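The following pair of complexes shares a single chain, subunit A, combined with subunit B in the former and subunit C in the latter.
== the complex of A and B ==
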């Protein structure tokens, strides 16, 4: 097991390294030389231009620049934003809270409602199960920005139950403000989780060991809890974990739709204003989050499920 | 030796494709997609107005007989814009999945037939590419090359290559282990011939299924990019862009533009993914049935 974890960590690091190369190297795809791209149509003082040369190590050969840039990033220096005239790190700080809360809230909704409804759909009678299934087959196809405009139209403008925009003040008010964004963000992935949960539990319920448990006359609760849920929910945990990666990327779109001042909104704004330092930093941050999530999911899956260990040939 | 080869080949031929129906929903979904394609092709003929004809005297009109779906904030006819928008909204993902499928299948076949370190390196690259979210890669590309339809489509196409290559590779590797292929390798059949004559037909159903499933994702991603202002640029008509433009109207109670454009995306995405699921089911049924 330690060997497996070590290999997975190394693979994750390799992915991050390649991603960082991609994010850094993208600058050199720009037409013209990188410096004129970074400056854009702004007029900068000589000192500012010198600072840019310094930040991107433009006087060094390409690979040295990448290594130097990577070194800066690892030591916490994410560079400066040209449009905000501020350190990227201090731009990210306050916005990170909004994005983290949005994603965490969405994850809770997915676990409670997504997995919950999936369990209900798997164990309930056909009529209810079919209703849930039909709902999810539509839900899966609704992208967050489509859901956003409809939710704003109905619940914010029409009924006035929720605010349309803004992050709110104080924890509870923030949650209240984030409710519509979270619904938009989780509609598709939550529906997917419901379907996966239902399918996994249905498959588990049809196994011989469950039939044997029924034949032995075990109480229904024991059969569901010990035999169906315990075995059937481990693959669901993996899917929920991987859903988190789509929430991380999806937050970029949702923040724009609801005008939230998070990382994603900053990214969209930075792309429009060609503020490349900010774009690089946020892309790197999001990729790192995705890679870490995938890594944790992989490891947890092996730790909690002996069957996966056996299939992968990993000694405990 | 030759007997083995022929036996293997005959066994393979005998696996005839049973015609498994698409079911009523499958047929409806196919019809919906067909209608959307038809609308895109015939937009100039059936659209009642010029999609870009601005008339500030007629902004935010509700649904009326002369403007079936109303007008937007610039007085443009929403129905006409939806019909013209179908062009970019369908063409974009089509190009994305076609490019990704061609390149992805090619790489997958190279990996499967070469084996060894070529396979290991390519698989690693697919894995890393798979972890890099397509939307993020497209945002990165757009930030460097400037916003636009072509940039968004090409960046997404690259991001979708591993999505197709990974699964095609695994099917191709499985196929390589079958007796008829080891027999062909043993008798010294050339690699390109094996890849073209035997592997490609074997992975084709998988490619088609994966391509259809990817189409829905690509459509959502491209619409999201246009929604963010990074894809199709105004004044062109595009469903994703219409939602972002319609949001201004939504706040004032004019829900038509955003809702109809959203509905168009949802309907097409749902129909396409349903067809994709059916195709994937068929592939796995065929594989189990052998």
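== the complex of A and C ==
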């Protein structure tokens, strides 16, 4: 097991290294020049421009800049923002809290409501199951930006039940403020999780081992818990993991719609203003989050299913 | 001999999505304690349906009539709680594929002890001690170690022994073995059959043994029920299977297994006339005349499956 985790961590680090190269390189493929934004409407002397190029290492060869940047990142220096004229790290700090809370809240909603309704849909009678399924068909078809504007106009502006924007103060107030964004964020992915959970559990419930468990006269709770849920959890864990990565990306849109001062909002702004340092740092952060999520899902699968352990060649 | 299981005039109709299919058409048989009753017949003849009906494992939509009495009690009238107790205390079931009937994500020990822990509320340690003893009884070496392993780490034959041990763990009185040896290779088949026989004799179980293997049925069972299209066409003592069978279907089944000593230029085939004869010939060896007339009646309806 420790060996398996070590290998997975190394793979994750390799992924990060490659993506850092891509992130760093991609920005230079995009049209436009950071210098033009730095200069703005001002007319600068050649010396001043040269000094700026020097300051931002714009004259060094690409690879040299990448290595230098990577070294800085590893030592905790994410560079400076051109537009905010501040350390990227201190820009990220407070925004990270908002985004983390948003995603954590969304994840809880997906696990509790998504997986929960999936279980209900899988095990309940036909009629209820069909109602839930019909709801998810609509849910998966609604993109988060549409959900966001609809929710704002109905529940914030129309009914006035929820605030339309801002992150709120204090934990409970924050949760209250984040409720609409979380609904917008989880509508599609939550519906998807419901459908996958239902399908996975239906499949498990039809297996011979469940029939064998029924034939043994085991209590219904034992059959559901130990034979259907336990075995159907592997695909559900995978999908929830993948959903989490899509939440991280989806938060960009939702934060913008609800004027939440989070990482996503900062990213869109930084892209618009060609603030290289910020874009690079956020992309790297998002990819790190995805790599960590994938790692956790892999480990969970190994814990859940001994057959996966066998395939991976891990001693129990 | 008092009978443990008495099935009388059992009719089961299943909905296959388009129409109702008569899967069992007036089946009557009995199983006594310490007796192995073999069910043979082609696929779809209703062998498994009969066993599933006894365990009440048919789909909820199935239409069932007739009577199933276990130790004098009416199995078809059981409510949920009685049914669960009947299954957990009186029944042991062994299915065809041990890989499919054992939960792959928990250890063999969890599987074998599950009945004891969950339905008899036996403490874990005691259940494991009992399981170890049972694995020894069905001929598994190093039982303690096997209990800690996962199903995929055991061979098919060994896993089927563990399934039998699990079925025996709750001291059932009726064992239903639905093609318990079919998925195994020939030497394992003989071993599993021997274990079932020892359990039946030693514990006074009544056992229903479904198989396609006529030789195995003849060697293992006490009595044999031959099924064809939802009916028992012939019941006879196992030693009379080769030589004493009378029903044309039984004879055709036996002919379809040529002896290895004789040279046969062609295997016998079954013609439409043969099939007609299988359906119209009166059932052989049933104790009560009712069954024979019931089968004739349905045969004249034709189309019964």
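Here is the rule we use: the second predicted complex is superposed on the first by the 274 of 316 C-alpha atoms of A that agree within 3 Å, B and C clash if a C-alpha of one lies under 4 Å from a C-alpha of the other, contacts with A are read in each partner's own complex, and residues count from 1 in each chain.
One rule holds in what follows: contacts are C-beta pairs under 8 Å (C-beta built on N, C-alpha and C of every residue); 3 or more make two chains touch, one makes a residue touch a chain.
Since the model is a prediction, treat every value here as computed from it, not as a measurement.
> Are subunit B and subunit C a fit on subunit A, or do they clash, once the structures share the same frame?
When both complexes are placed onto subunit A, subunit B and subunit C end up side by side without any clash.
> For A:106, select first, second, both or neither according to whether it touches subunit B, subunit C, the two together, or no partner.
neither
> Is A:284 touching anything from subunit B or subunit C once the two structures are fitted on A? First, second, both or neither.
neither
> On the A-aligned overlay, A:307 touches which partner chain: subunit B = first, subunit C = second, or both, or neither?
second
> Looking at A:211 after the superposition, I want to know if it touches subunit B, subunit C, both of them or none. Which is it: first, second, both, neither?
Second partner only, subunit C.
> In the overlay of the two complexes, what angle sits at the CA centre of subunit A between those of subunit B and subunit C, given in steps of 10 degrees?
80
> Could you look at A:194 and tell me whether it touches subunit B, subunit C, both or neither (first, second, both, neither)?
In the superposed model, A:194 contacts neither subunit B nor subunit C.
> State whether subunit B or subunit C is in contact with more residues of subunit A in the superposed arrangement.
Ranking subunit B and subunit C by residues of subunit A touched puts B first.
> Rounded to whole Å, what minimum CA distance do you find between subunit B and subunit C in the overlaid structures?
18
> Over in the complex, which subunit A residues touch subunit C? Could you list them?
Its residues touching subunit C are 207-209, 211-219, 222, 226-227, 230-231, 304-307, 310.
> Spell out the residues on subunit C that touch subunit A in their complex, using ranges where they run on.
Contacts found on subunit C: 55, 57, 83-89, 91, 93, 95, 97, 100-106, 114-115, 118-119, 150, 152-153, 166-167, 170.
> Quick one: which bits of subunit B touch subunit A in the complex? Just the residue numbers, please.
124, 127-128, 131-133, 135-137, 139-145, 147, 216, 220, 223-224, 227-230, 240, 243-244, 246-247, 250-253, 255, 258-259, 262, 265-266, 269-270, 273-274
> Can you check the complex and tell me which residues of subunit A touch subunit B?
11, 14-15, 18-19, 22-23, 26-27, 29-31, 37, 137-138, 140-146, 148-150, 152-153, 157-158, 164, 245-246, 249, 252-253, 256-257, 267-268, 270-272, 274, 276, 279, 283, 286-287, 290-291, 294
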